[in-house]
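As written, the chains take the letters A, B, C and D, and residue 1 is the first residue of each chain.
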Amino acid sequence: MMPELGKYAVEVISAYVVSVALLGGIVWASLREGARVRRELRSVEARRDRADG
Amino acid sequence: MLNVSGLAVARGGVCVLSGVGFTLAPGQALILRGPNGVGKTTLLRTLAGLQPPLAGSVACGEDVIAYAGHADGVKPTLTVTENLTFWAQVFGGGGIGAAMAAFDLDGLADRAAQNLSAGQKRRLGLARMMVTGRPLWMFDEPTVSLDAASVGLFETAVRVHLAGGGAAIMATHIDLGLTDARVLDLSPFRPQPGGVRTGNAPTGDEAFL
Amino acid sequence: MQHKDSVPISRRMSLWEYANPKKFMQVSGAALPWVGGLAALCLAVGLIWGFFFTPDDFRQGSTVKIIYIHVPAALMGINAWLMMLVTSLIWLVRRHHVSALAAKAAAPVGLVMTVIALATGAIWGQPMWGTWWAWDPRLTSFLILGLFYLGYIALWAAIDNPDTAADLTSVLCLVGSVFALLSRYAVLFWNQGLHQGASLTVTQDNPISDIYYWPLITSISGFVLLFLTLVLVRTRTEIRRRRLQALLNRERMA
Amino acid sequence: MIALLRRDMAVATRAGGGFGLGLAFFLVVVVLVPLSVGPDTAVLSRIAPGILWLGALLACLLSLDRIFALDFEDGSLDLLATAPLPLEGAVAVKAFAHWLTTGLPLTLMAPVLGVLLNLPVPGYRWLLASLLLGTSALSVIGAFGAALTVGLRRGGLLLSLLVLPLYVPTLIFGAEVARRGAEGMPVATPLALLAGISLGCAALMPFAAAAALRVNLR
């Protein structure tokens, strides 16, 4: 059920696409970086716990 | 003149020395020793007030300390006289004659600093301390690139300074002829891994451990 | 009476407990799913409502639908900087690490919001004003705001020592805020000097009727919550990163 | 303070101090503009005030990193920070020395280059006045940027990125004075605003710059 966008369809849709892509990009980057750092931290903490005995 | 107690210092957010304490009276000299990376430079910079201590206190009057780091603070395009006169004026305008004589710079007076040898430049850097008129001199590796004769000049200058009621702290590896100087080995002040609380406001990494 | 007065004070003091990294991790970890979920809900409702179920404007046609992205993004572009200003001040005054890291975490989000506002503005401007870009005071100010974000992020990235970086970026944020404000006035002055009276108005200046108002409000709440979620996620990452570095430093010392 | 000013001037003007480089850069920019936009004198005289301001700004930007970087590298800054002279004062003096060796010569050179761009006759006076006021703000703001980036390797490009947005208000008002002057319009308002920015920067920026320097010296 696509709404009737008239002669400005390209503009409206591209605005939504660009924005959602940018928002998705920052969300994805934030989550990926978060997961990477969390993984590294886990491994270092595990190493420390082993060293502590 | 200088009263240090419970001092902890950090380099790059990591505590490198803790529990450092000593006092220095007029006429005394203190030599800091310890292996590379133990924190001699960091300690000197903290004492000079260039960086805040992690814990503890440094009790010292206003405008007492003159600090000479690894670098000489010499402008290559200015002559020896110009360089020295500048520092004398910045620190309240004493004469530079005594300093020039003490470090045997008279013959080089009008030479641009870029044409000096490394040792000569070092002598100029040390002569800077004399023109500051400050009672407490702090040197970081003062004798680097000095020959035996120049080391002798440096010793004499420090001895005259001490006799005149001054004091000096230096970080150095070689044995100077300052026989009555106290020696402080910094190795025991390294924080034990895992076991140190530095007291007041946690700085750097502390908050995250 | 005195006893009663002391209660709010102690409560206010306890607010700072959340600036402790461990406490912050606990609280933010518990809050994150809720905030994130609510953000997704508001965004979905606001944008779908706006895109599918609002009528066209009689003057602007369907381009009016861009408002549901453009206005919230622009709002967050500015408010993210304001938040960074506040957290920078808190870091400078009270030295709470979480505060400095939150400012660091917010900057890229703010930049993305600013870019979205500029991009949607350009796309909107093309049919309305007949040009992708006009040096309108509002657009220009946003472009300059984007430059400030870039500089701030670059300064964080360039400095190795995290405490030094926090101090310097905070100072830059304070000074930058003053100059951003000055630039805003300068740009207003400058543009009036160039084209007299030919100011391009954005629909915001017109009173918005209810039919556009409620989806817009939902969408704005969605953007606010999304910003909050992202800042929480990124601040948690920054805290973990600092902890990782601290542990590695300790290993090196041992 | 006078000693510091004299030393900085001497260091900047002696061989290797980079004194003439900014001026040469300014000249090159102004020569390149007609080559890129075409020789139409009407167009050139219309854009002359803006080009001259932009050229002066970029030339000023070139020499900013020298304000503190050299003193940082050779250890002078450590000793200056512990000197009786407050660091804020030292920053102000060094920024002033930078202006005397960069902003002032650029200002004096601008009318000469204005001839190349067919700057309208009434514009010269206001070009001089606006540059004289504005370049001082550029130097002080630049000193702040230099203080932020002093400890960084290859801080030059970052310095430009940080300082350019901060230059926006000065550039707008300064170029506006020159443009209105060239077109024979009243200049009082932008001139007053430019003066306000210059004075405000001169009064407040040394504090921000000194704070940044202290952080970098830690």
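Here is the rule we go by: contacts are C-beta pairs under 8 Å (C-beta built on N, C-alpha and C of every residue); 3 or more make two chains touch, one makes a residue touch a chain.
Because the structure is predicted, anything quoted here is derived from the model rather than measured.
Visitor: Please work out which of C-D and A-C is bridged by more C-beta pairs in contact, and write that pair.
Guide: A-C
Visitor: Just the number, please: Cα centre separation of chain A and chain B in whole Å.
Guide: 51
Visitor: List the centre-to-centre spacing of chain A and chain D in whole Å, with centres computed as mean CA coordinates.
Guide: Here chain A and chain D have centroids separated by 42 Å.
Visitor: Centroid of chain C to centroid of chain D, CA atoms only: how many Å?
Guide: 32
Visitor: Rounded to a whole Å, what is the gap between the Cα centroids of chain A and chain C?
Guide: Using C-alpha averages as centres, the distance is 17 Å.
Visitor: In chain D, which residues are in touch with two or more of the other chains?
Guide: Within chain D, residues 218 contact more than one other chain.
Visitor: Let me make sure I understand the interfaces: which chain pairs count as touching?
Guide: Here the touching pairs of chains are A-C, B-C, B-D, C-D.
Visitor: Within their complex, state which residues of chain D touch chain B.
Guide: 2-4, 6-7, 10-11, 14-17, 70, 73-76, 78-85, 217-218
Visitor: Taking the touch rule as given, give the residues of chain B at its contact with chain C in the complex, in rising order.
Guide: Result: residues 12-14, 191, 193-194, 201, 203-209 of chain B touch chain C.
Visitor: Taking the touch rule as given, give the residues of chain D at its contact with chain C in the complex, in rising order.
Guide: Against chain C, the touching part of chain D is residues 144, 148-149, 151-152, 155, 158, 161-162, 164-166, 168-169, 172-173, 176, 180, 189-190, 193, 197, 205, 208, 211-212, 215-216, 218.
Visitor: Which chain B residues qualify as touching chain D in the complex?
Guide: Within the complex, chain B touches chain D at residues 45, 48-52, 63, 65-78, 82, 85-87, 89-92, 125, 128.
Visitor: Under the touch definition given earlier, write down the residues of chain C that touch chain A in their complex.
Guide: So the residues of chain C touching chain A come out as 47, 51-53, 56, 61-63, 65-66, 69-70, 73, 108-109, 112, 115-116, 119-120, 123-124, 126-127, 226, 230, 233-234, 236-237, 240-241, 243-244, 247-248, 251.
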